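Below is the structure I would like to discuss, written out as structure tokens.
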């Protein structure tokens, strides 16, 4: 038996609005995308956070972006095991099957996952240290980032922002531990990009690998 | 050293366009969302596929949907281990920290991940059976679904559609193996919903738990 | 013997700038587009005028728009003859081979071709009436539009704007005389769109077929 | 009655983005261009292909390039008749009214029109030989080029590249059959230039009339 309820009315209504307008306007294109398959140029790894509107920010047309969203836009390091790795599977599919040209790691301000990692590491959130905490174990990926910023000057807010930046940098580092990513980057098939988006101000910063800092786009 | 390149110009231009228009029109709301935190009503688990526009379909406003996207919109079964579980972490965060009211599993037609699972199970895609295949190991989650549909009548296309439906049903089943999901559903805090979206026709089908079938919205 | 000169230095320098920056940023995508072929969603028919920047206005990425540009964005009526028809060939290729979903006729203010047509029809530009005038014979396509606006109230400037609108409407009408366009429109494969762009103000007006008028986008 | 639909939303959004940013930054210049008219230095004749970004390659500013785009960047020979000649009209306007200084014929690799001509001439594409094929009749312009390369050594790919070069040379030859072009070239008012752009590698080759070959810019 499945615990499944009818779709709430507000979602039904919005869907019908979309169907009558946007779908109607684009239906021949959607039909072609269905028949011929997707050919996205770019993969985006972003946070699940409801305030991050990946498709709006980049004015996306259907078919353009292959999007994986998880807590804090993290990529775990490469590891072959029998364990299931949803993020690694998404990256493998995008790079080896779809052969995307750009892979963007998109972090953001006020990230609840990053804050959880910070508080776990400083002892403020002991529940996240428990073996049974999925969020805690997921945020372990970011621990190497915490170690790099914990001695930073500044208050907690400044350190949280630094750790948000680290969520992007750790992911960029871990991406290069995947043999198929490394090969695609080195052969020029794939470019990696690191972005941090400030929700309140709408600004966007891009990681500059030469200057080793994030700079305003 | 990080392998990070500047953002391609067409994305910079589109971002700047968004910033000057949509952001500008909504900035007081975005500023409140940044200051007061997100309070999404709904979590959506959908596929990474570039043709699935979750936010468009439901006319999403910023702050409304907590969105996790992975290959084939799958939820693995509950399992406590030291392993990292990105999907389980996202669900835990949405249900226990954000206390969402609705959790929608949104599948779709022409799903490359579902097709991979089908071909892996029928022996047509031996590379997905290898231990080192992240996509293969991820699609193992859907094997119980394959076993239920493999004896179905009809051609491969009909079975693929049936398996896409199963990707939603398996996820709904697995969701209920998480103690915090089960508790939230039983207490009435949370409703689960299963949807299947046909990309070409734009139609949407919702799982009806009483009739045990998907019906057009 | 060909009369061909080396490329002027200012163009060489700009090309080298593009090659070192934009090409470099996008090269894996361009390489895929070269290998796999184009799959543009949209055809645009616009004027050759140097002030109409089709790709900028729509933030185009390479591979998105199939663009035909001629004087005054005109489409001649369907006519089978041994004569060469560059515009008809471009439309045939876009609709039947590339199967574009959208066809946009993009007119603009201050159009020299439209003004030439106006002055030819009012007798102010007798040289355009000569059989040997390519511009004159080309602008004959717009004569049915002139006949509809010549009795309009208002000064010459108002009539020129009306005739610019007609350059779009005549083209939309003529498009439907092509059997393959008509069929694609009626089957829902193709949508036609009429736009008028004001160069000085940057505004864009879209033809509303229900209201029978151009309205601001 | 016109078959015209509203502009698809993604194009509306991109346009609004352009208006609020690039237009806003340049509006005094655009306003002057609107008031005083265009004064382009260069005419470019290029292909409609969505992968040829004329304005990007030459870092075009608004008002600089008068651009005609047709299938395979062809110029028909001079011919006075009652027939409509869109390409001849564009050239006449650029040379006699705008008095451009440079006229660039820009061909490119992987040209679908050129391939069509090749296959029509070798009997592989009989549909293009029909009188009713606009693409076929348009590509007839290139037949003299085919005759020069059909005996070349090398495989089909090598011959296609040679025919792409011919699409530029035939156009340069035909340009000189227009009395007003010949006169402008001979008086030194106008220079002609032939370029071939390789989409995948981004390289650009310029025709060297002395060496009678294309050389890398």
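To keep things simple, chains are lettered A, B, C and D as they appear, and every chain counts its residues starting from 1.
The definition used in the following text is that a contact is a pair of C-beta atoms (placed from the backbone, for glycine too) under 8 Å apart; a residue touches a chain by one contact, two chains touch by 3 or more.
None of these values were measured; they are calculated from a predicted model.
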Same or different for chain B and chain C, where same means more than half of the interface numbers show up on both copies? different
State, to the nearest whole Å, the distance from the C-alpha centre of chain A to the C-alpha centre of chain B. 14
Please report how many Å separate the Cα centroid of chain A from that of chain C, as a whole number. 40
Just how far, in Å, is the C-alpha centre of chain D from the one of chain B? 46
Which residues does chain D have that touch at least 2 chains other than itself? 5-6, 8, 13-14, 16-18, 22
Just say which it is for the chain contacts: an open line, a closed ring, a star, complete, or other. complete
Interface residues, chain C side, partner chain A - complex: 25-29, 31-32, 36, 39, 41, 59, 61, 99, 101-102, 188-191
Under the touch definition given earlier, write down the residues of chain C that touch chain D in their complex. 1-8, 11-12, 14-19, 22-23, 27, 30-31, 33-35, 37-38, 40, 42-43, 48-51, 53, 55-60, 62-71, 74, 76, 80-94, 97, 102, 104, 109-110, 112-113, 131-135, 137-141, 169, 172-173, 175-176, 185, 191-195, 198-200, 202-204, 206-209, 217
Which part of chain B faces chain D closely enough to touch in the complex? 13-14, 16-18, 20-22, 24
Can you list the chain D residues touching chain A in their complex? 5-6, 8-10, 13-14, 17
Show me the residue ranges of chain C that touch chain B in the complex, using the header's touch definition. 22, 25-26, 59-61
